[in-house]
Every structure is written in structure tokens, then in C-alpha cells.
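Chain IDs A, B, C and D follow the sequence of writing; residue 1 opens each chain.
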Amino acid sequence: MKILYFAWLKGKIGTAEEEVQPPASVTTVAALLDWLEARGAGYAAALANREVVRVAVNQEYAGPDHRVAQGDEIALFPPVTGG
Amino acid sequence: MKILYFAWLKGKIGTAEEEVQPPASVTTVAALLDWLEARGAGYAAALANREVVRVAVNQEYAGPDHRVAQGDEIALFPPVTGG
Amino acid sequence: MIRVQAEDFDIGAEFARLTADNRNIGGLASFVGLVRDMAPSRTGNAPIGAMTLEHYPGMTEKKLAEIEAEANRRWPLEASLIIHRYGRLEPGDRIVLVATASAHRQAALESCQFLIDWLKTKAPFWKLEETPSGGQWVDARDSDDAAAKRWAAES
Amino acid sequence: MIRVQAEDFDIGAEFARLTADNRNIGGLASFVGLVRDMAPSRTGNAPIGAMTLEHYPGMTEKKLAEIEAEANRRWPLEASLIIHRYGRLEPGDRIVLVATASAHRQAALESCQFLIDWLKTKAPFWKLEETPSGGQWVDARDSDDAAAKRWAAES
């Protein structure tokens, strides 16, 4: 599964993109965030406040219960500020 | 007193502008329109339906009770359709 | 700024002038009115060859300046512009440009809508359309009055 | 049409292209977002040297195309255009252009407001401002969410 990070999430985690292989028990967005948060201090800092973390699964906004699977492109980013 | 006519009022009355000398008793917009209406068939046709006649006195919109006086510039026109 | 003119205008150049040297503009809203080749008539849509815009010189400039000042009172605008043409115009020609600039987008968007609603009902212009059955003065529309009245309650 | 690009755009040329050969356009509404040289910060207004717009290539184009399609479903538009830039921009630079054209002005004005409200809250862009105290990611504003929510009830 490919994970993309944008804006300050990218800065805190220290990478723009990575391939991860979470255990089979990780089947939802919420579970994925829990698993990522445990990967290190940068992840923990980036994901501490879930209120300001938006998630897209295959380029569509997704809530915490949205399913994730191998081969998905997941993106984590703060609330958008375009326009 | 100078009177200006615009759009179809100009067409029906047959002139764009004229100088008139109404009697001293004509002191309001409504009285002026009554006086003009009696001046001929073109005026009568143009002023038959007061609902669609707008009046400006010295370039400000004016209601029927607005005062008119010698030296005023009065304009009669249909509802505007700019923009 | 307001301008009443027969000539066409260059939107890109007008916008550039409007925003030049002002780094506090975050949003520029605009509306351009154009001549259509069809117009609603009493018997359905009728093709329009051209139209002639008549106006009341003197009063037009006065009313446009007043409403521009009113928009600047109601919203914190950094710049504003109304250009309205008169004379003979053909389908596709520009009739009017309203542009408002502000630090924030909502002030720009609202004041632009306010200005165009207002000038539809108060600026002394009249449209004479050339139709197959001859010249026809365009009737004012009740919906335009209703649109302008929305703003009255706030004044 | 939507475009996501680093380069600037020419508003006059874009408008000309948008309205070319369509004589049923009576109104063209637009909004241009520009970079200001001041921005609200936690300690009042702070001067901005420049900003860098990051985005999510792929998702950006997808979301802009979706919302443009939605605007065309909700309003009878003759033409529509969204151009959003990314990369480093300086005060006075254009960020975004939204333009909508319709036979009637209200459809153009409303859909323009809808598109800009929507892309403020849904298009995956993030602004990094260069301030005297370093780079600072711009926070999303509650007022932008509220503006976008106005349109949800109608969907």
C-alpha cells in the first residue's frame, strides 16, 4: 500500500511517500492511522490530533471507517487551503 | 423647464428634448405629467400608463409628489434595462 | 472608477490596472454582460441581429458613481470598476464590466453581485433590439427588481 | 475546463477563448484569487514574502473536474473554467481563476461563488507562507467550511 503525505504531515513524518505493508488486521482508515502512529516519534507527532488529519483513499476523501486494502493509494494531509 | 424623453417615450412623443413653460399651478411631477398628457395624441399615448413611466428631476429619481420648478431638468423614460 | 463609453474595453488590461501596486487584494470578482443572439419575446425566443443601448448622459455617470460609492461603504473594497457601453452592439459584444477587489473573497463576490443587480434596475440605460419584426424596446424584468430589492433591507 | 499549472494565465485570453463562438452567453462571472503581502497569524497580521502552493497531483485534477461537472449539473452553464496554480508565488501573483458563463447573469454569478467556495474546502492544495519567523502552513478557516456548507443543502 502506498502512502502519501502532504504539507506539515510530510514535514513531521519526514517523507513524501512510502510503501508500507501493514498486518492483515489493518482493514480501515482508523486502524491504518493507529498502526502508522506507532511507527515512530515523527508519525506520533503528525497523527496526534486526528481532527486535523484528512485522509484520501484512491484520491477520494475517506472517513475513519473506510476500508483500506493492498494496492490502495492512501494520502494523509491537513485540511486544504487552496483557492 | 427642460424635458428629456428616452426610449419609446421619445418615439411616441416624437422628440428627445424640449423646453416647456407649464402654468404656475404645475408644481409636482404628477401635475406636470397631466399637463403634458393634454398636449397631443403622442403625449397621451406615451403617458397613458403611468406605471411604466419613470421620472427623474435634475437627474434623481422622483415620485409623483416630487416638486418641479422652472429651471429643472425633467426626464421621462421607461423602466431601465441596462447591465 | 466608472466609465460610460461607446468603445469596447480590454478586460485583461482593466484587471491589471485595477490590481496594480496593491498587494492587499486577495480576491477580484467580476461580471461581464454580453449581447446574446436570442432574446425572450412575447412569442418565445426571437433572434437578435444587434441592439442599441441608449442612455441618459449625465444621470448615468451620477448614478454609477453613487452606487460605486455605496458598494465601497458596504464592503471593504480595495478597488472597484464599472464600465458600461452605449450605442450599437452586436451578439457576442461586451456590454458591461463590473469588477470589485478586496482583501477577502466574500466582500469581492458580494459587492460584484450588488453592483450588477443595482445597475440592472437603476442605471438609466435602455436596450433597443433589432428583431426580424423590427426594433423592439426591451421590457424591464420583475426578476431584476426582485434581485435588487434583496440589497435594500441591508441599507 | 480545468487546468492545474505552475505558469501564470492571461485572463483576457482565457475569457476570449471561453466565450468565443457562443452567442448564447449573456453573463460571464469570474473570480481571481491573488497572493496578499499580509496574512492573519496567531499574533496579528504578518508580512508575507511569498508562498508555496503544494498540491496532490492526480487528486487535484479529479476533484476540480468533479466540481466543475457538479456546477454544470446545478446551473445551465454555457462554459466554465477553473485554473489553479501551484508552486512558489509572490504577493500580487494570481493563484486561481474561476469563470462561469451562462445565458443569464444569476446562473453565472451563483455558480462562480459555488465553485470558489467549494475549491477552498475540497481541492487538495496547501499554502506554505514565508514569514519573518520562517515557513508557516496556512490553517484552514472555519468560515470557508461554513461558506461551502451553504451549497450542500441544495445537492
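Definition applied: a contact is a pair of C-beta atoms (placed from the backbone, for glycine too) under 8 Å apart; a residue touches a chain by one contact, two chains touch by 3 or more.
Everything quoted here is computed from the prediction, not taken from an experiment.
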item	value
Maximum centroid distance from chain C, chain identifier (CA atoms)	A
Rounded Å distance, chain A centre to chain B centre (Cα mean)	72
Approximate Å spacing (C-alpha centroids) for the pair chain A, chain D	26
CA centroid of chain B to CA centroid of chain D, Å	48
Where chain B touches two or more other chains at once, by residue number	83
Chain C residues counted as touching two or more neighbouring chains	33, 105, 116, 120
In contact (per the touch rule at the top): chain pairs	A-D, B-C, C-D
Chain D to chain C touching residues, read off their complex	10-13, 15, 19, 22-38, 91-92, 103, 105-106, 108-109, 112-113, 116, 120, 147
For the chain D and chain A complex, residues of the former touching the latter	33, 53-56, 58-59, 62-63, 84, 95-96, 116, 119-128, 137-140, 144
Contact set on chain B toward chain C in their complex	4, 6-8, 56, 59, 61, 75, 77-83
